[in-house]
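Across the two complexes that follow, chain A remains constant while its partner is chain B and subsequently chain C.
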Partner chain A sequence: MDAELVIVGAGPAGLAAAEIASVHGLNVIVLDEQTKPGGQIFRQPPEGFRVHSWMPDSIYREGKSVLASASTRKNIRWLLGSTVLGTFAAGSNGENSNRIKVVVDTGVLIEEIQTEHLIFATGCHDMAAAFPGWNLPGVMATGGIQAFVKSQQIVPGERFLFVGTHPLQLIVADQVCQAGGHVVGVVFAQQFKRMLSIIRNPFTMLRFSGKFLFLAKTLYRLRNAGVPVSFQESLVRANGDLQVSSIDIASISLDGIVQKNESRRVEADRLGVCYNFLVSSELARQSGAECEWSSQAGGWIVRHNQWMQSSVPGISVAGEVTGVAGADAALEEGRLAALGVLLKKGVLGSTAAARLAEPVRRRLSNINAFAGLLRELSYPGNLLNQLLSDETNICKCEGITAGDIKKALAENSCISSGSAVKLISRTGMGLCQGRYCNYPLTKAIAEYREASENEVGPFTAQFPVKPVLIKKITHKPDEPA
Partner chain B sequence: MRNYDVAIIGGGVIGCASAYFLAKAGVSVAIIERGQLNAGASGRNAGSLHFQLEHRLIHNETHLKAQLPHLIPLTLAAIEQWNTLEDELSCDIGLSMSGGVMVAETSEQIRLLERKAKLENRYGLAVELLSAEETLARAPYLGETVQAALYCREEGHCNPRLLTPAFARKAEALGADFFTDTAVMGLDKVGAGWNVSSRIRPGEKASERLEIRAEKVLNASGAWAHEIAAMANIHLPIFPVALMMSVTEPVPVFLKHMVQHVGRKLSLKQVEDGNLLIGGGWSARLQQHAGKWISNAPAKLSLDALKSNLGVASEIVPAVNQLHLLRTWTGITGVTADQLPIVGQVDQTPGFYVAAGGSGFTFGPLYARLLSEEILTGLPSEALQPYSPARFGHVNMYMGN
Partner chain C sequence: MNKRIFIGVERPAKVPIEINGDLTETYLNESLATALLAFGITVFNRNRQGDCRGPYCNMGTCFECLVGIQQSRPGEEKTEKAEKDERVEKVQWVRACMTPVTEGLSVVVGDSVDTLNNSSIRGRHGR
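Entry: the complex of A and B
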């Protein structure tokens, strides 16, 4: 199988790229793990579900229209429910070949797709903050709770508490309320004053009025529903035997220290945690794309040029994977990446490409200004380090604790890179391949060794980026599956 | 300028183990490693302890007959050392010596096993040829195509994640100095010793120089030992080769042996944590730039080789097919012109030692111990004699100092 352009990820970035590329006549294959396009943000109800007035808010309007438009294009082939495992150079000698082999687990078999142009629009995922009790059933990523509510109107629990630093928790708390759930509180680590100080700048307010209006409306609805929203507080631990039953919350002093000894207890059976998002850059890294560290924008983000091309010829990136900036930025980056591909293929001349890119870049720069503010506002700083105790698992898959990591660093004075710590400690060697622990581990090593995160470096991302049944790989084409 | 008795180049198992044996004898040692410790083949191989002659060594039988009288005494010494290594290092290195089977699927392969068994037993390595029934009784996880197996009681595996760091910690505690992220740029023979010039964090703007004066230099830089040798004006016939290894998800222990194949490329074992490690010498591809190997770049994985490797593994141990592949990685090891390791002092450059090439994980700790003795006493080791660089003396006739 081959295509002129392969796009991995059918979220806003992937959809926008697919729409532009297909309008200009390219044959495009779009791959996604979900069974429907839309990504996390425009998560569609599954087959057989009818959701009354799906995602009605106006901020979702543009994304929904791109989704609708891309869905009708004839020259886009959708390979949904498919997991991309990695890429290889298609030629026998990688350097002399400009074709890329994309290896895909389609569910039953492994398929290989060849292309000269690939866009990774692989998005981001919730940061799984590690704290005592984080592996109790009932502790969820707030984004995960949203996924249930958004696509299926399912309220996955009785009493919800949301803690974190990201304004998304207001939106999800509101969505849970509207779907009939009971929210017992929303807890922000930031001072309300600091949040206001960013928003209070009249210029900022004016420029991003739509966003703030949306947040203000949400806050208003929550207050009306009697949901307490508190600031300058942090979770300390989640308690429970078989599942979470209560959460200890403590205030944060003015110098940022969690007052763990003076905690209050909140009864809840669902804890939504939302501190930040981590980019899903493992496919880009497995393909050899250079990354750089950003604590605020999601960890190991992929480097790119003005046409969203990565350091690997033929591979572009778009959306959250370049740094978490939200769906609007992802749409624009997807468009830019597609224009870059069209330019490189010669479908567009440089003047035409620049002309089409100009308004996209203008909008993107505006959106990025807001995304920067939001990142600054929601960055938890060293708060998460304070939540770790030596017994807390950093790597859930392999059961490696923060204390194990400190011990490994103390005993092995020469070891300072992320991959070397992974090797000696097994952190990141489990089923998730470091998707969740690479971020806290990078920060832990950097802090312990007093080095920069870029010196520590990411885990080497290996094929397959997600586990695959060996039978699918050893299967011979002439045998039945 | 810092002064040491011995400068060791390379922070893999041979370098770190040599540092330990030398430091233990009271010698001052510096280890210079261009990346992180254990980041090369020592930490990337599949951890097999091969005591039977491996697939790659028995490919050429004439060759085999010539090598056996030398290899088996060394193997016996290695077995003895592995038996005491956990005590010596006083930590867990994931060592398991619960036996290994080398399987055969055809009558021709069985005949090869028979001849191999005869030779190995004659020279003192106890191996037992098992019939199809005996094989299945002892290793019920093997597939139906297995017709026979050669069983070696001492074979097994050790965890490559843990072995080299354990040696490094011991060496450091005994006073060895480690310089990591430090690349050797030049070796100069001055007087009776060597000036070793290095760069700390060579890729960065703030890179600093490190100047070391050492009486002796040990080149333990593995696949790239020829590059370090060139700095001493010496040719070493060591060639980098890239291989791949894979690991599966963990499952309850069902496979207690190290499994090899006499006619196909396979090594398979289950580690303490329950994961299966699959290897056996399947190729990856070294990266090139302008027609030259890039010595610092990771090798590229080949999908076809991965399919073949997993294919062989799942034919010999059918349960493999039902497992999830977690990850596949590549590593670069060195092979020599005659497949045997090169261990000893280079005649043309007194004070310049090398230990590289050939079953470096199974035999690395032994090479390190024997060569350290040679460095300490100045007397060539009897057991290492067949592996001396002198056998390639002809390529260095016009080289050296």
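Entry: the complex of A and C
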């Protein structure tokens, strides 16, 4: 299979890129693991479902219209339910030298697509906080709870508690309430004063009035539903036998210390954890794209130039994978990435491309100002470190604890890279391939060795970036599967 | 309990599926994770350390929601033993949150199932 442009990820970034590229006549293939386009913010209900009022708020209008218009374009081919496992150079010389081979697990078969232009719009996922009890069934990423409600149309629990630092938890708590769930609390670690301080000047308020209005409406509805929203508190542990049944919550002192000895117990069978997001840059890294560390923007973010091109020729990036900034930024970055491809292919001249890019860049810089505030506001800082005990799993897949990591670092004074610690401790070697532990581990090594995170470096991302049945990879096309 | 939302939502017809050998029905195309939650199942597997696990990310990233599936082939007569052997052997571990319900899906799930010790799905570095 061949395409002029291959886009991985059908979220706002991938959709906006696909729309622009297809309007300018390119044949585009869009791949996504999900069975429907939309990405995390617009996780659509399953095939055959009809939801009468789906994400009705006006802040979703632009994204939904891009989704609708991309979905009807004739020269976009959708490969959904398909996981991209990695990329390789298609050939070393001659006419194939610019071509990239994209290896895809379609669910049944492993397929290869060749292209000269690839955009990774692979998004982000919730950051996991490691604390005693975080692996109990019933403890979930808040974004995951939301996807059950908005996409699957199920309220996944009886009594919900949300804990974290990110305002998304207000939105999800509201969605759960509206769907008939019982929310027993939303707990923020920040002081209320600090939350307000991001609106330090009235211009900020005015500039982003749509967002603030939406949050204000959400808070108002939560108040009316009788949901207690508290500040300056943290979770300490989740308790339960086969699944979570209660959560211990403690206040945080003014100097930021969790008062673990004075906790209160809240009964809930579903705990949502919402401390920020981590970028999904494994695929870009496997392809050789350079990354750099950002604690606030989601860990190993992908470097790019002003046309969203990565350090690897032919590979561009857009959306959260360049640093978590939300759906509006993802849309604009997708557009820029597509314009960059059109320029490189010669479909657009440099004047035309610059003219089309100008308003996109203007909007993007405005959105990024807001995204910066939001990141600053929701960054948990050293709070998550305080939640760990030596027995807490850092690597949930292999059961490697914070204590194991400390021991490995103490006993092997010569190792300081993320990949070396992975080899020695087995952290990050399980099924999720380090997606949750790489972030806390990088920070832990940097702190222990008094090095920068960039010196520690990410886990090396290898093919396949997601686990796959070995028999599928070794399967020959003429044999039955 | 986990409750489906019905107000303002139309769903496709229900189709038969099997959970741990029990025949039941659920909505076509909803995720297997949703179907299991709706049946009150919160523990999806026990991992290699023996710990109970259930969905965490609901987006295909964490692999905490693994369950075993086996497409049943209706009409095939089998002894009980042969059926059990086949179940163990032919089980494939899938992410329940990423797997749409199809007719006749047969799922092995729960804290009594020693899932990952017989695992046929492995990370690159899996033991």
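Basically, the second predicted complex is superposed on the first by the 475 of 481 C-alpha atoms of A that agree within 3 Å, B and C clash if a C-alpha of one lies under 4 Å from a C-alpha of the other, contacts with A are read in each partner's own complex, and residues count from 1 in each chain.
Quick note on the criterion: contacts are C-beta pairs under 8 Å (C-beta built on N, C-alpha and C of every residue); 3 or more make two chains touch, one makes a residue touch a chain.
All of these numbers come straight from a predicted model, not from anything done at the bench.
Visitor: On the superposed three-chain arrangement, identify whether chain B or chain C touches more chain A residues.
Guide: Here the partner covering more residues of chain A is C.
Visitor: Just chain B (first), just chain C (second), both, or neither: which does A:88 touch?
Guide: Touch partner of A:88: chain B, not chain C.
Visitor: Identify the partner contact of A:101: answer first if only chain B is touched, second if only chain C is, both if each is, neither if none is.
Guide: A:101: touches chain B, not chain C.
Visitor: Is A:433 contacted by the first partner chain B, the second partner chain C, both or neither?
Guide: After superposition on chain A, A:433 lies in contact with both partners, chain B and chain C.
Visitor: After the superposition on A, what does A:474 contact: first (chain B), second (chain C), both or neither?
Guide: It touches chain B, and chain C stays clear.
Visitor: Does the superposition put A:462 against chain B (first), chain C (second), both, or neither?
Guide: Touch status of A:462: both partners.
Visitor: Contacts for A:414 in the overlay, against chain B (first) and chain C (second): which applies, first, second, both or neither?
Guide: After superposition on chain A, A:414 lies in contact with chain B alone.
Visitor: Applying the touch criterion given at the start, work out whether A:424 contacts chain B, chain C, both or neither, answering first, second, both or neither.
Guide: After superposition on chain A, A:424 lies in contact with chain B alone.
Visitor: For A:192 in the superposed arrangement: first (chain B), second (chain C), both or neither?
Guide: Neither: A:192 stays clear of chain B and chain C.
Visitor: Could you list which residues of chain A make contact with chain B in one structure and with chain C in the other?
Guide: On chain A, the overlap between the chain B and chain C contacts is residues 426, 429-431, 433, 462, 464, 467-470.
Visitor: Which of the residues in chain C end up touching chain A in this complex?
Guide: Per the touch definition, chain C meets chain A at residues 1-5, 8-12, 28-31, 33-34, 37-38, 42-44, 47-49, 51-64, 66, 92, 97-98, 100, 111, 120-126.
Visitor: Touching residues of chain B toward chain A in the complex: what are they?
Guide: 11, 33, 36-39, 43, 161-162, 165, 168-169, 172, 178, 180-181, 247-249, 273, 285, 287-289, 298, 300-303, 306-307, 310-311, 313-314, 320-329
Visitor: Quick one: in the complex, what on chain A touches chain C?
Guide: 33-35, 40, 43, 45-53, 83, 125-126, 128, 135-141, 143-145, 147-149, 152-158, 179-181, 242-243, 280, 396-397, 399, 426, 429-433, 435-436, 462, 464, 466-470
Visitor: Flag every residue of chain A that touches chain B in the complex, lowest number first.
Guide: Against chain B, the touching part of chain A is residues 88-89, 93-95, 101, 103, 112, 398, 411-417, 419-420, 423-424, 426, 429-431, 433, 460, 462-464, 467-471, 473-474.
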